[in-house]
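Labels A, B, C and D are assigned to the chains in the order they are written; within every chain, residues are numbered from 1.
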Amino acid sequence: MIAEGSERATLLVSCPDRRGIVAALAQVLYGHGANIFDSVQHTDPLAAQFFQRLHFDLTDLQTDRATLERAISEVAERFGMRYELRFQRQARRVALFVSRYDHCLYDLLLRHRSGELCCELPLIISNHPELEPVARQFGVEFKVVPVSTDAKSAAETAELELLAERGIELVVLARYMQILSADFIGKFPGKIINIHHSFLPAFVGGKPYHQAYQRGVKLIGATAHYVSAVLDEGPIIEQDVVRCSHRDAIEDLVRKGRDLEKVVLARAVRLHLEERLLIFGNKTVVFE
Amino acid sequence: MIAEGSERATLLVSCPDRRGIVAALAQVLYGHGANIFDSVQHTDPLAAQFFQRLHFDLTDLQTDRATLERAISEVAERFGMRYELRFQRQARRVALFVSRYDHCLYDLLLRHRSGELCCELPLIISNHPELEPVARQFGVEFKVVPVSTDAKSAAETAELELLAERGIELVVLARYMQILSADFIGKFPGKIINIHHSFLPAFVGGKPYHQAYQRGVKLIGATAHYVSAVLDEGPIIEQDVVRCSHRDAIEDLVRKGRDLEKVVLARAVRLHLEERLLIFGNKTVVFE
Amino acid sequence: MIAEGSERATLLVSCPDRRGIVAALAQVLYGHGANIFDSVQHTDPLAAQFFQRLHFDLTDLQTDRATLERAISEVAERFGMRYELRFQRQARRVALFVSRYDHCLYDLLLRHRSGELCCELPLIISNHPELEPVARQFGVEFKVVPVSTDAKSAAETAELELLAERGIELVVLARYMQILSADFIGKFPGKIINIHHSFLPAFVGGKPYHQAYQRGVKLIGATAHYVSAVLDEGPIIEQDVVRCSHRDAIEDLVRKGRDLEKVVLARAVRLHLEERLLIFGNKTVVFE
Amino acid sequence: MIAEGSERATLLVSCPDRRGIVAALAQVLYGHGANIFDSVQHTDPLAAQFFQRLHFDLTDLQTDRATLERAISEVAERFGMRYELRFQRQARRVALFVSRYDHCLYDLLLRHRSGELCCELPLIISNHPELEPVARQFGVEFKVVPVSTDAKSAAETAELELLAERGIELVVLARYMQILSADFIGKFPGKIINIHHSFLPAFVGGKPYHQAYQRGVKLIGATAHYVSAVLDEGPIIEQDVVRCSHRDAIEDLVRKGRDLEKVVLARAVRLHLEERLLIFGNKTVVFE
């Protein structure tokens, strides 16, 4: 799990709160020669749960990474921590799922190419062939896995095989218009990000812009969330809104919403890739 | 209905769309010497419904107001219009309903005193006595009408009498924590504005900040709407949101929400007083 | 100037305010069988200047377009109006100027392809060759016109020839890093839109993100404006901001700013194409 | 400096960056039995400067506060730290300076009364008598110190005496329309917060709403900043904006701006009172 030669690393931890956690983590990093650049901590007072993100430099590491990781895992065991340690060079491998809308796809591909998203992007899966030329422009493999109502399970098996073969660690549903099964979701817990085109929990389910139009709201929104077994009810990562009015027809809401969807999804993916997200219950802790 | 001597007037109209409406209204105003300062029109293409707001100057009126109004009412009849003509000097008489929260009350009273809200504010009704000193500071009559579960109807009767005696045309529920009966609402159709402390339709009903906290949203909101017979489902006038995070406890959401509630309610009241709102079905047309 | 067969048209007018303008315009449209869908008017009280946008349907036009236009031009003469009448089918021809940044270019090309921008986009001019492949992907002609300090005038001559040959009516500077001469600008008065990466008038001139970083602002912005002879001082069309903090290095400001620049420039171009912009003095009237 | 009996404390530190600071601070708190609830750290990579805010619980303190503070001061000396340690019960004493505008004054007084601002508010100083009744309503001492051009220095001497006598630690200029001398400012370094009614650095100096109107901006803003010797150029704490348009006359900008000024100033004061602000050079680090 440790790649040699990288210069920075991030440690994300959560555990039941008790005294001494901050000191213990700071001590273990200091003791190995790691220099903490950025750290942020949060204690949920109701749940008595501790969360911390530590971002540190390894240039002057006095031991090797394996030794550092072993020391961290000992602290983690002592405090009953869940933790994730990631060295900067271990770029995550991400797959995009799309259907026919291209705006989020283009947006993520362009951000990736400009260096905004620190990940590898080796695979796009779609239930339709239309966006293949976009993938080709960016040199990304594009696999069509059609999804029919009566053969959904077979489609998911094919998708899971592709994800496994390509070593995918994060799945981004970039306006993918199929509902994943609980089984599929269970194989990527906290590793599937979806963009929903409303400010959840308003307008759950299908055609949220039509629902928003009917209700006459003065703001429309978009919500990026982790996918959980209950549709549109997973932990929310990021949300934003834009003003609308009686002059906006449904197609105007759709157009305005596209800009929101792109930005909100990209922010969520970036937060995940920079190890800034922790899931606790059905909520997220976001260390911006 | 016409006060002599005022200089400006506003005409709000709606009717089924057909050719010639704009020309007919412009012609009647021009013909009487009124100078249109500001006009805005909207046609709902799905409903084929026409809406217009005309704001005009009467300085050089060549007839009198009664004649002008008669001419307008003739045009209205011809096109099947609902219309509202209001001369600037006819300040509306507004009553505020409050319970124990004082932030919206103070906000509206201060805005009124600074001249932001063109209305008279002769009456505050509350189901609790606590805010009486605030009313006294601003020289506004304060009436306590307690509401008990088993005598709700009697309370509403008392409230309606007060509203009638004081000549109230608009009721503003400034965090009033009682639900009005359909009967009461029916007596003030499109004349009761409420502030709800969520971005409706999310978190309908009671304790929306608690609901928002539970759901882990990243935005909280406030919604000003006309009160209709179905709770929290009346036509939305104005909404706004503010960012929140995992660090916000429920009391932080409440605190942040207060700033939203004040501003959103004040904007809605102002829009109503400036004749910028038309209700159509369960939506509003807002001529900002 | 009139293309036969289109169904809708837009009329933009401005003139010194006086009584009867609204009635005269409504009458001429009504008299020819045009049905006004959407109209909005504004009178600047200090300058006593009148502005109006009328959007109308021609399906039941009882004369032909030439006759309608003649009638409008007679009204215009009577009131001393400047006006612009545009039939929907007359899509404007737009040229994009770019340098090496691709984000605004991609954004406009994608919006154009998705139908958001009602125009033709036949030409991209750049002082560098790097973005040629992007133009090719979208099937748009790409011309490199290098600009050297000592041959700026020759470059502009070449650019103006290209614009003339391709029948260009609007020039969009999509992060074009050259300053146009007053001479060039004078040939496209009110027809060149630029995006500046600050909330003007803060941080005029070069490297605004560096300036913003130095000043320690908590918001960064972007401004779309018409280009006038004085750098960064032309009429502002649209602005927006995004929050930043001490954690943002200059490259973070650049990254956050890209999202703003794209959206703000696209909104401005769209407003221009939909005939929603009027220039008056050094300001714009925006009929959203 | 240490009040006995309080339960929480906050430590703010800044110093040149080097390894071991986080560990040393965590260790000293842990060693005395303090439990860190919330901590956030930032390292400015260009300036190689370290900043941290630690918020901790003292319920199980194993020594006394004097001992804890001595230990902290030893760490501070070792690392060349500037630090501020504040126990929750030591509510700061704040003075408000006002002139004739009452909106920020009312806003701060109401927030203070509702418990939003953890401070004592014993004194209001004004160069005009008009707002005395407001102060009286809230039971706050109100002192008029007239400022004439030729006796400015005498006025400031009187003000400084009042501040000293009342033990004031923070001065909030709540739309105070006088410019303080460098001498006065030097006596409260980083302890005077002002609200400026523009998004600085745009529209420095007087009448920013008039300047904004002239320039035709589409956003107006407000900026809360620490007062430094150079007018409107002190470290920015918080900024926000609101949309405006050609329809807004100067008085509309003033009205919209009031809502901004109130909220932005209140946020800045709250951040200061909660020990979330560090000044570095001419910028702030804001630990939200």
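Heads up, the rule we're going with is that contacts are C-beta pairs under 8 Å (C-beta built on N, C-alpha and C of every residue); 3 or more make two chains touch, one makes a residue touch a chain.
Model, not experiment: these values are computed from the prediction.
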- prompt: Measuring centre to centre with C-alpha atoms, which chain is farthest from subunit D?
  reply: C
Field: Intercentroid distance (Cα basis), subunit C paired with subunit A, Å
entry: 37
Field: Distance from subunit D to subunit C - Cα centre to Cα centre, in angstrom
entry: 42
Message: Touching at least two other chains at once: which residues of subunit C meet that condition?
response: 38, 42, 45, 247, 288
- request: Classify the chain contact graph as line, ring, star, complete or other.
  value: complete
Statement: Given the complex, residues on subunit B that touch subunit A span 42, 44-46, 199-203, 215-219, 221, 235-241, 245-247, 249, 282-286, 288
- prompt: Which bits of subunit B are touching subunit C when the two form their complex?
  reply: 18-20, 22-23, 25-27, 29-31, 33, 35-43, 45, 60
Touch list for subunit C against partner subunit A, complex: 38, 102-103, 106, 110, 114, 116, 137, 247, 255, 258-259, 263, 288
